[in-house]
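Both complexes below contain chain A, partnered by chain B and then by chain C.
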Partner chain A sequence: MASKYITLISGDGYEFVVLREAAMISPTITGMLRNQFAEAKTGRCLFPEINGVILGKVVEYFNYYHKNRDKEDVLDMEIPVDLCLVLIEVADFFGLDEQQS
Partner chain B sequence: MSARRQASARRIQGPQSALTDFLATHNISAQQIRLDAEARRRAALNDQPDAGSQQEDQTSLSIATPVVADALAPSTGPRRAVADREDKRKKEQKVIEKIKASKKFQKRKRNLDDSEDEDDLALALFQQSAAPLPGQMENCAVCAKRFTVTPYSRSAPDGGLLCNPCGKELDQENVAPKKKPKRVSGGAVGRRRQVASKILDGTYRLGAKGLMTLCIETLAKNIDLAEDLGDLPQHIIDKIARKLSKHRLLDSRTLSLFLQPTADRVYIYDGARLTSSDFIRIFQTVPTLKKLKVRNGIHFKDEVMDYLASRSIDLEELYLHGANLLSESKWKEYLARKGQSLRSLRVYWTDKHFGDEVLAVLETSCPSLERLKVSHNQQVSAQGINEIAKLKSLKHLSLDLRNQVHPDGYVSMLGKIGAELETLSLSRVLDVDNTVLDAIHNKCRVLQKLRITDSDMVTDDGFTRLFEEWPNQGLVFVDLEKCRQLDSAQPRDNPNNIGFCSNAFKALMAHSGRTLKHLNLHGCRHISRAAFEEVFGEDKIYPELQKLEISFCEEVTDFIVGSAFRSCPNLRSLNVFGCMKVKDVQVPRGKILVGVPNAVGMVIAGTHDDDE
Partner chain C sequence: MADNEPSLPVLPGHPLKRARGTATNAPLAALTSSDPAVFSSDDDPALDNYVHGRRKKRYVGSWFDQHPASSDSALGDEEMGPPPVPLPKREFRRQLDSGVWMPAQDAQDGSIESSDSSAEPIESSGEANDEWDLSVCQSDDDVFVRTRTSRSSMVPMPRTILSDEELLAQSIVDACNREGRQVVDLSSLGLSSLSADVLGTITQIAPIPVITKDVHEEYKAPRIQLFLNGNLLRLIPVAIVNVEHLTHLSLRMNNLVELPPSFAALKNLESLNVGQNSLRFLPSELLPLLKKGSKLRELLIHPNPFYQPQDARYCAWGVEEYQLETFGPVDEAEVEIGNEWTGMTTILRARTPVQFSRGSRGVCSGFRFPQDTEKLDQEDFWELAVPSEHLKWSRRNQLDALRGGPKGPRSLVEMCLRLAARAEVTDQEYLALRLDHLVAAARRAGELHKMGGQICCICKRETLIPATEWVEFHEVQQTTIKMNEDGTEIEQIRRVSSNNGIEPWVPFMRRGCSWACLPHKAEPPTTSEQRSRLLALP
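Here is the complex of A and B:
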């Protein structure tokens, strides 16, 4: 059985170790870890076009979502205003939209 | 002088008060205090610049007679002032020495070694004790006017007290005291209310919001910082537009964020703040426009329509909401010129300017029109229905008219275009009766969405005939809100089975149960308990049903609600307002029950795991 954790690697080389279950809320990552892709075997997903700061924020969101998955009245996560537009694009890439998740 | 006073103070002068006696044992003379106070008062009077020299002359050691006082005053003034100052200084010195000798001073002195510090301390204590008490008179340190000291008198920056006007000035000069920061809304109560509102909107979900939503909300809060949205995908731009409109933030400036020259659609969800020139700007910036939606487009006026007609833009979809300044002649003109490409025309809230004459133009000018919606319209009448009947290409028809049209109008219309219709929505049609239902049964073959509301002419038998052996595919959306008997004389009885009742319900579910996604039976109050129990029986499964509205169906019980949740595995929310027999239901996890009248609240979000 694969590890409980997976590693997400940003374009500039930062590595983030995330709980597999938390990262699976993204259909994109779920897709990467399915079947016999290289990512599924190694548990390492490389995102060459995403930089470390942004990926860090996404990882923060994974954990935030996972922690609050069954709670009501969840406090909103802080989004830095300057990263807002980039994060929208990245959120779209990861499929972190409400209808899909 | 002070020595003499001292001496007189020691003299025994008859009975003394207990306090004076006590003070005397502590080497403090009551008389001395009184004399000091008098001297201070005198000195204060002397300090006053224009308090009248007569007064001074009377109280102080007068040299001249009152007659010459005025003439002498300037020469005596300085001399006396010097003498007074000398006197005052001496007195101060004496009191300071007394303070230095006091126990309190000794105690505090222990912490200090330096003799200079000692002097400072003594002076400080002196000034402390010399400050006038409330109720006394004092000269203001700034304007030198005489005033009564109160507990609220302000002290001047360099010692002394200020009179009321000067104190106020000082307050204003100082930085205004910081106001308490406003309490951020969205506290416990605010959030709870928000959750309830979301449940009623049907947008509620457990857990955190999507990252996208969070980002868009942040963006909407800071939209004034945004210069350009970059090349985000269309569906994201649409989401941002919705969010902004929700907060009424779409104006002339923010509109430009959404105008992408290569886009084929512009959806404006709230155009209340846009002007005519903004609407014209849309057509200037987006020459490839195909789909236009404007809600609350109040300023979508004749001039805008003129401009749109003059451009090479051929709209396929036009959705106008609230554009009630557009005249009927302009509508006709536009449709005649640009109707050729139009596939979808939806017009909401346009008062009187979109009427039968405009509908009459549609037949010739819009040969490919598939979707027509006329909503909240006061002008369209039976004549207009006849015109609609000529639109052979129509697939989706939705009418919400204020003029009541005789059912025959609908019957003849269905006879002509019913066979192609996928959507038939007739809202607030009080007079529609069984003849219309029969026409639907006979003509419609590809219907998916059916809405007939507020009719109290249709009967149970009529609906049963409609659904039984109807060679139409299963419906997906059914809304029969308030199709019920209304008789104030006999509110309970329904001898003629008017409205959508038990048999009709069974027939509908038998016909469309497998495909239905959305069912609204609001106020169909004559459906019996047995009918509900049969429809949501143990062996019945309605796999597609997501939204069920059975408010004001009086016979609904806890058992029926539970059965409905079991029979409809994909049900997301169930509305049971006014179902008084629903009391205590266990709602499965992830499902929402709205409208139970109990202390838990209007809304129950299910948390109960259904593994009984």
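Here is the complex of A and C:
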């Protein structure tokens, strides 16, 4: 039985423990955990080219989305302006650009 | 009791120096005072102190923290109050918040900080700095360090630099403002952009009222006419919407590729000229201005390289159902038109298939708006072609639950694009994004943001990445409605035809914010009578 949580590890060694259900909105992570990849067995996903701060923001978004998915008129998450371009790329990598539900 | 109180021994009287007044001496002093006698009926409570037989109130503590020495010292000396709490030993250390506000040394920096504080809270700047240090430490293998720019270069700076042409335009507007002229002629100035500053001064133009003797001055709303023809404008800034009393607007002979969706807010517009531009379509938000009762009388839109239907096939079947189910019932508020009304009306004739975009990743449907040709396919109102990805998506998300617009937060990419657009990230900075589709999406979002953002035509949510787009072809007519004596309306229609004689269907772009925001699929015709109806030509 897989754990309720998974661990995302950034390139510089930061580890983020996230609810599996919350992280599953990303098709990338879903794909990593689906088959018998090493990540699926251990529940630890390594993203060697993503910085800890950026991954932290992504994890924050997972939780923010998980908490607010059924609400209407949700305020946007706070993102520092100087992170936004980098975060666009990373969000695109995680496939966070469609409307999920 | 008086005995408990510490008292000094009575000093031998000195002829010149009065003995230091202790409490016990006070009544005596009052008796021997040369002050006039006081009576208990006097109101002044302070006079109690002088009444014989009572002792003067005594207080303990410094001036800011006084309390009576006994519970009621005025009544005598029954009991001492609780001993004052000894103050903690005073430490000498710096008071961090003195409560005194001092202006920053460099006021310039301070003002910029405050101007963007809405976009970025102060706390995050510290975090960003930390993160900067962190990324520097291991910059050799971190690929994202490259794109990180220092804070100062990303922070929106107030752009006040105007080009020479804009300065000239500004001076013309200022002159109009001074003289109260309402015709602002900015034609053929070679303007390639128009800043909000120039437009902002236009809003202040007010006619100088003619004042004659014995005539009451009445307020007249200004009727501003703005001529921007013969310039090089590519986009109209959203600030034009603020010119509330704009009645005539000419944008003829520019390089416009798109009109801002926020145009609909120009309710007082009577004449709009957008001919000889590069427009492929008009925003569907313009449609409310082309209705019975609106003020727009003159709409000159040709020539433009408008999208045209492939075969101009008119399909009457399902039009009403499509309009009703997609956009909801139109609130037919009874408009007062007086005896006669002349203006523009439209009739929906056809629509194209829907172009589906996968977030920022570009188009994924079979139908897409062509770049090279202006001929568009048509789709009947009872059909709706969706890409296979949409089928998967709708199965996963239970499309029915999403009717009426998606709920929940925006996607992370859109949030970031919105932030970048608000911070006015320049094109060069967008190029730092290494993926072409992201650069394109970011530029597109920036353009949409400059035009005031796109409101989803179905769920009215604001978006910068439209997910669905389709074009409706409308027939635009000039209509005159006259009222008979008995209250019935007579309608006279004059077609507005373009110069080259092509069927004057005008494309209006509809945009939705998600894959759930789609045109409604009408019931297909079943009987032969219905089929014959759909073939009927107007």
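Assorted remarks:
Going forward, the second predicted complex is superposed on the first by the 98 of 101 C-alpha atoms of A that agree within 3 Å, B and C clash if a C-alpha of one lies under 4 Å from a C-alpha of the other, contacts with A are read in each partner's own complex, and residues count from 1 in each chain.
Definition applied: a contact is a pair of C-beta atoms (placed from the backbone, for glycine too) under 8 Å apart; a residue touches a chain by one contact, two chains touch by 3 or more.
None of the values given here were measured: they were computed from a predicted structure.
The superposed arrangement places chain B and chain C in clashing positions on chain A. In the superposition on chain A, A:V17 makes contact with neither chain B nor chain C. After overlaying the two complexes on the shared chain, residue contacts for A:A38 are found with neither chain B nor chain C. When the two structures are aligned on the shared chain, A:I50 is found in touch with chain C, with no touch to chain B. With both complexes placed on chain A, chain A has more residues touched by C than by the other of chain B and chain C.
In the superposed model, A:L87 lies in contact with both chain B and chain C.
The intersection of chain A residues touching chain B with those touching chain C, taken from the two complexes, comprises 58, 61, 64-65, 68-72, 74, 76-77, 79, 81, 84-85, 87-89, 91-92, 94, 96-98, 101. Against chain A, in their complex, chain B makes its touches with residues 191-192, 195, 205-219, 222, 225-226, 229-230, 232-233, 236, 605.
By the touch rule above, chain C contacts chain A in their complex via residues 116, 119-121, 124-125, 127-128, 130-131, 134-135, 138, 141-145, 147-151, 154-155, 358-361, 393, 396-398, 401-402, 406-420, 423, 425, 429-430, 432-435, 438, 442, 465, 467, 514-516.
By the touch criterion stated above, chain A contacts chain C in their complex at residues 11-12, 49-54, 58, 61, 64-65, 68-72, 74, 76-92, 94, 96-101.
Within the complex formed with chain B, the chain A residues making contact are 58, 61, 64-65, 68-74, 76-77, 79, 81, 84-85, 87-89, 91-92, 94, 96-98, 101.
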